[in-house]
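You will see chain A twice below: alongside chain B first, and alongside chain C after that.
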Partner chain A sequence: MHIVVCMKQVPRDNSVKINADLTINADGIEQIMNLFDEYAVEEALQWNEKLGGKVTVLSIGPEDWKEQIRRALAMGATDSLLLSDPAFTNLDTFGAARVAAAAIKKLGDVDLVLGGRNSTDDETGAFAPALARLLGWTQLTYVGKIVSLESGKIVAERHLEEVIETVEASLPAVVTVVKGINEPRYPSLLRIRKVAKVEIPTWSAADLGLSAADLTPALKLVNRVPPPPRPKGEMIEGKDAAEKVKKLVDKLMEAQVI
Partner chain B sequence: MANEIWVFIERTSQGEMAGVSKELLGKARELADANGMKVGALILGAGVGDLANAAFAYGADTAYVVDDGALAQYTTDAYVGAAAALAKKYQPALILTGASFQMRDFSAALAAELDTGVAADSTNVSIENGAVSAVRSSHGGNVINTLTFAPGKTAVVSVRKQSFPEPQPNPGRSGAVVTEAMPGVPMRAKVVSVAPKQGAVNLADAAIIVSGGRGLGSPENYYKLIPPLAEAVGGAYGASRAIVDAGWVPYEHQVGQTGKTVSPKLYMAIGISGAIQHLAGMRSSRTIVAINKDPDAPIFRVATYGVVGDANEIVPLLTEEIKKRTGK
Partner chain C sequence: MDFTANYDMFLTEEHQILRRTVREFAEKEVAPFIREWDRSGAAMEGPETRPHIRPILKRMGELGLLGICLPTRLGGAGMDYLALAVVCEELERVDSFLRVVMSVHTGLNSLTLFQWGTEEQQRKYLIPQAKGEKIAAYCLTEPNSGTDAGAMLATARRDGDYYILNGEKTWISLADIADNFLVFAKTDPSKGNRGISCFIVERTMPGFSSQPIHGKLGVRAGNTGSVILEDVRVPVANRLGEEGEGFKIAMTALDNGRYTVAAGATGLIQASLEASIRYAKERQTFGVPIAEHQLVKRMISHMVRKLDTSRLLVYRAGWMKNQGRRNTRETTLAKWHATVSSFEAADDAIQIHGAYGYSDEYPVERYLRNARGAIIYEGTRELQELLQADFALGFRENKPLRRELPAYDPDEWA
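What follows is the complex of A and B.
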């Protein structure tokens, strides 16, 4: 079975700034593998250990994104692919889905695409559904357990807000996973060293046959601002815990929140 | 492009129209009246004929209905297939949906099928000179984005619950029903079973949330202090990522960047230092109470009321005081 994991590199935390041209400024913030994608990598590796085949980790981004691809390789992914082109700089979610779809079509023999339920930076959760429609495959989102996976068929539990839905679907399919589906492994030092020099294949827009129209955002970003500041708070003082508690309850009752 | 705004009508488990659909019909009505447009209710399901009248009462002019056994349970293939066929035929300018997991799945796939875009989990939507704009936050609420759709394409916007007020229904209102047959689309997935989630906590719906963190010292202290206080204020209980990852509390309860984003009227953060990932998930709460030993903890920067002290001493007193004063 050939499993492709779509992986995004994101800032470790979201204390980002907004540039004058409305792009996001994450300078000085460590870049990590999107947490939900790490679960997708682990899930792919576990099924690969049972079923054999290939796990290709795929990412769209500049050259320095190879660091997180290497982390996935060190975890145990067998293959990798970076989709990189200056024309990809301002892709929106659907543009990214078109790029990934072109690459997966070009790979040709893919049975299953796995990814996280959303990225922790853009938080749209729209990449995987768009990718599935562009490939003409079905999708299973918010999966908390893959019950079975075999040639041509997947059974999985979708963990929704209040129910768990068990769904059976034909392959190929696009599946997104939630936190807690597994416990992602740490890459071993030995493997980190082993993959340090591995050549990561890189495909450009031209390699994928993509035109400028394919990469044009569907939505135009017209404004981007930080959230309004919270009103200044108040520290509750008192001679002891009991007095502070009494004053706090006074405030909460006055504000009619309890 | 037809001059219509469509609202996807969601049902509760009892088969009634969901609150978020009422909120969206209210907003659609307001936008339609201001722009000389009409409101359509998109009703998909099996045995859902009654919903059309409910949709009219809340402001719809027309109900577009596909009533078919294939739609008895949500699958992406069936629902997106039916909705896309209707949207391609009638060309609405805008389709509004809720932003539950199911609706996030649906709206993104529908937008892709219609070769347009989606503004996911939006908190506002507007129409100016025929152009649809949506406001959505990203980066854990640290960035507020305004996005405008290209003219000439159907805009698809999923909207967070409680972004708009629920309108008063007018049971006397009526409208036209347009019924279409289920189109022939490939159905590659089927729902085998649906089971209630064990210990499900819908933090997103809770009006009050009491959350604990590593400052409590141990899982025993968490369970001794946090659920009883949550019960005293009639709220749900949450947790920081640190103690979820340490196995003290199930993931269901996690608030923050990789957990739930919440904005209750009261959020109490107890023994939570306020890592930026946690603040991302709760900073839009109306009132925030922080209790922490460390006076320099970042949580105090977003707190409405801060108390410096040992949670193990303060929380039992607080629980008792609240019970006494509120008579619970």
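What follows is the complex of A and C.
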């Protein structure tokens, strides 16, 4: 079985700053593997250990993203692929899905694509569904457990807010996983040394046969303003706590909150 | 900001992945519990029964940390001596007791077997230690001899194919936990330093016992104790090096132990700095975050200076070890500077935290207590000062050794 994991490098989210124009400023911020993608890598490795075959870690980004790819290789991924081109700099989610879809088609023998439910920077959660659409494959989102995986078929639990759905689909398919599906392993120190010298194959837009039109964002940012400030609160006056509580309850009832 | 960035002249991508891995381990598996573990050491009486120590050592072994800078043919991870520093930094960034394990198990014991051990000794003792299957410690200090190691009273009397060891060793890290010990004892009590020999002693040998030390100021999460040797029969095959070579072996062991202490202290400075930056930005006085006050800024800036200078000194020593160069001067300088700096940084971190820093609600008081020991152990501050002066004055030089610590060889170690 050939499993491809789509992995994104993101800034560690607890330390990013916001620029004056409200864009994210990640300068000097440590770059890490997207949390949810780490679960996807682990899930791929566990199934690969059972079924054999290949696990290819695929990422779209500049050369310096290789550190996270090497991290996934040190965890146990067998293959890697970096999709890198100056033309990929300003991709929107759909454009990124186009790039990944072209690469997966070019790989040819892929049975399953795994990814995190969303990235912790953009948080669209739309990449994998768009990828499935472009490939014409079934999508299984929010998967909290892969029950079985065999040639041609996957059974998985989708962990939704109120229910757990067990679904079956034929392969190939695109699956996004949620936190808690497994406990990601640490990279193996022995593998860290081995993968440090591994040449990571890199494909450009030309390698993928993508034109400028394919990469033009479907969405244009027109304006960006902060949300309106929250209205000010109201202090309730009164001679003692009992009176204040009574006034508060009256107001809440008036507003039909209670 | 990333204080570990821009050390590319020393570190590679391998070291970065290693750093991230060790940091995750320490933050996930130790940090959430460390306050309780540290408190458990303050309240402890009687024998060492605390349940957290062995599982954490086991995890460190599984991850490959305990044999980080040993060739794979000897059960290690095949990484270099700089990797050892990265591991120590990241472990002590969370708590000193983790780094102490690297100091005694890897630095003082395993690397000494790597430098001085016979093939047979390496096969029997070093390989299981590198894999983390056996835990190792180092016994030099006695109740009446620390810096003055030549004054030790422990004896090793030859009896056929055995030596009979008697004596008491104290302030031994992992005394109640370790399986294997390097023990220094006098084979010729009439001589000072030249009468000392080194032995590999197993806990299971009859006559061996240990007991923990209670009431330590710091490193309370870890085990420290005394080792008592009563007519312990040690095979001649377990003598490390020649008879009378023990003092030299002990000193070369310290070149590696002190290196781990210096690297760990660097991690402790970083922890103090990071805690201080966080707190200075959130705590407000006089209507502004205290980070805006100049005297707070001064403390932050001094921590940064101490962090970077310590790290550079440590990496220089590590680079020399990789090259196979003797590094006693450079390692002791790093150890002196980094440990003294780590205590000062933790002290300033408490000052920045104000009264909150004085309780264990915040980690900085633990950093201060943990930092203090390293100014005493593995060579006091005063000894390091004398060594630096003697090197500078030409009163001291590195004489060639019968066995040197092997240089790092990326191909042969892989």
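Quick notes on this one:
Basically, the second predicted complex is superposed on the first by the 212 of 258 C-alpha atoms of A that agree within 3 Å, B and C clash if a C-alpha of one lies under 4 Å from a C-alpha of the other, contacts with A are read in each partner's own complex, and residues count from 1 in each chain.
Please note the rule applied: a contact is a pair of C-beta atoms (placed from the backbone, for glycine too) under 8 Å apart; a residue touches a chain by one contact, two chains touch by 3 or more.
Fair warning: this is a prediction, and the values are worked out from it, not measured in the lab.
In the superposed pair of complexes, A:87 makes contact with neither chain B nor chain C. Judged by the touch definition given at the top, the superposed model places A:70 against chain C, while chain B stays out of reach. Of the two partner chains, chain C is the only one that A:188 touches; chain B does not reach it. After overlaying the two complexes on the shared chain, residue contacts for A:255 are found with chain B alone; chain C is out of touch. Looking at the superposition, the partner that touches the larger set of chain A residues, chain B or chain C, turns out to be B.
Of the two partner chains placed by superposition, only chain C is touched by A:196; chain B is not. In the superposed model, A:30 makes contact with chain C only, not with chain B. Once chain A of one complex is fitted onto chain A of the other, the partner contacts of A:107 are absent, as it touches neither chain B nor chain C. Chain A makes touch with chain C in their complex at residues 28-30, 32, 66-67, 70-71, 74, 186-190, 192-194, 196.
Remark: chain A residues 11, 13-16, 18, 24, 35-36, 92-94, 97, 120-126, 128-130, 132-134, 137-142, 155, 158-170, 173, 179-180, 217-227, 230-231, 233-236, 241-242, 244-246, 248-249, 251-253, 255, 257-258 touch chain B in the complex.
Remark: chain B residues 75-77, 80, 100-102, 104-105, 107-109, 111-113, 116-121, 133-134, 137-150, 153, 188-197, 200, 202, 204, 208, 233, 251, 254, 257-259, 265-266, 275-277, 280, 283-284, 286-289, 300-310, 313-314, 317-318, 321-322, 325-326 touch chain A in the complex.
Interface residues of chain C facing chain A in the complex, by the touch rule stated above, are 1-2, 5, 12-14, 16-18, 20-21, 24-25, 63-65, 68, 72, 77-79, 410, 414.
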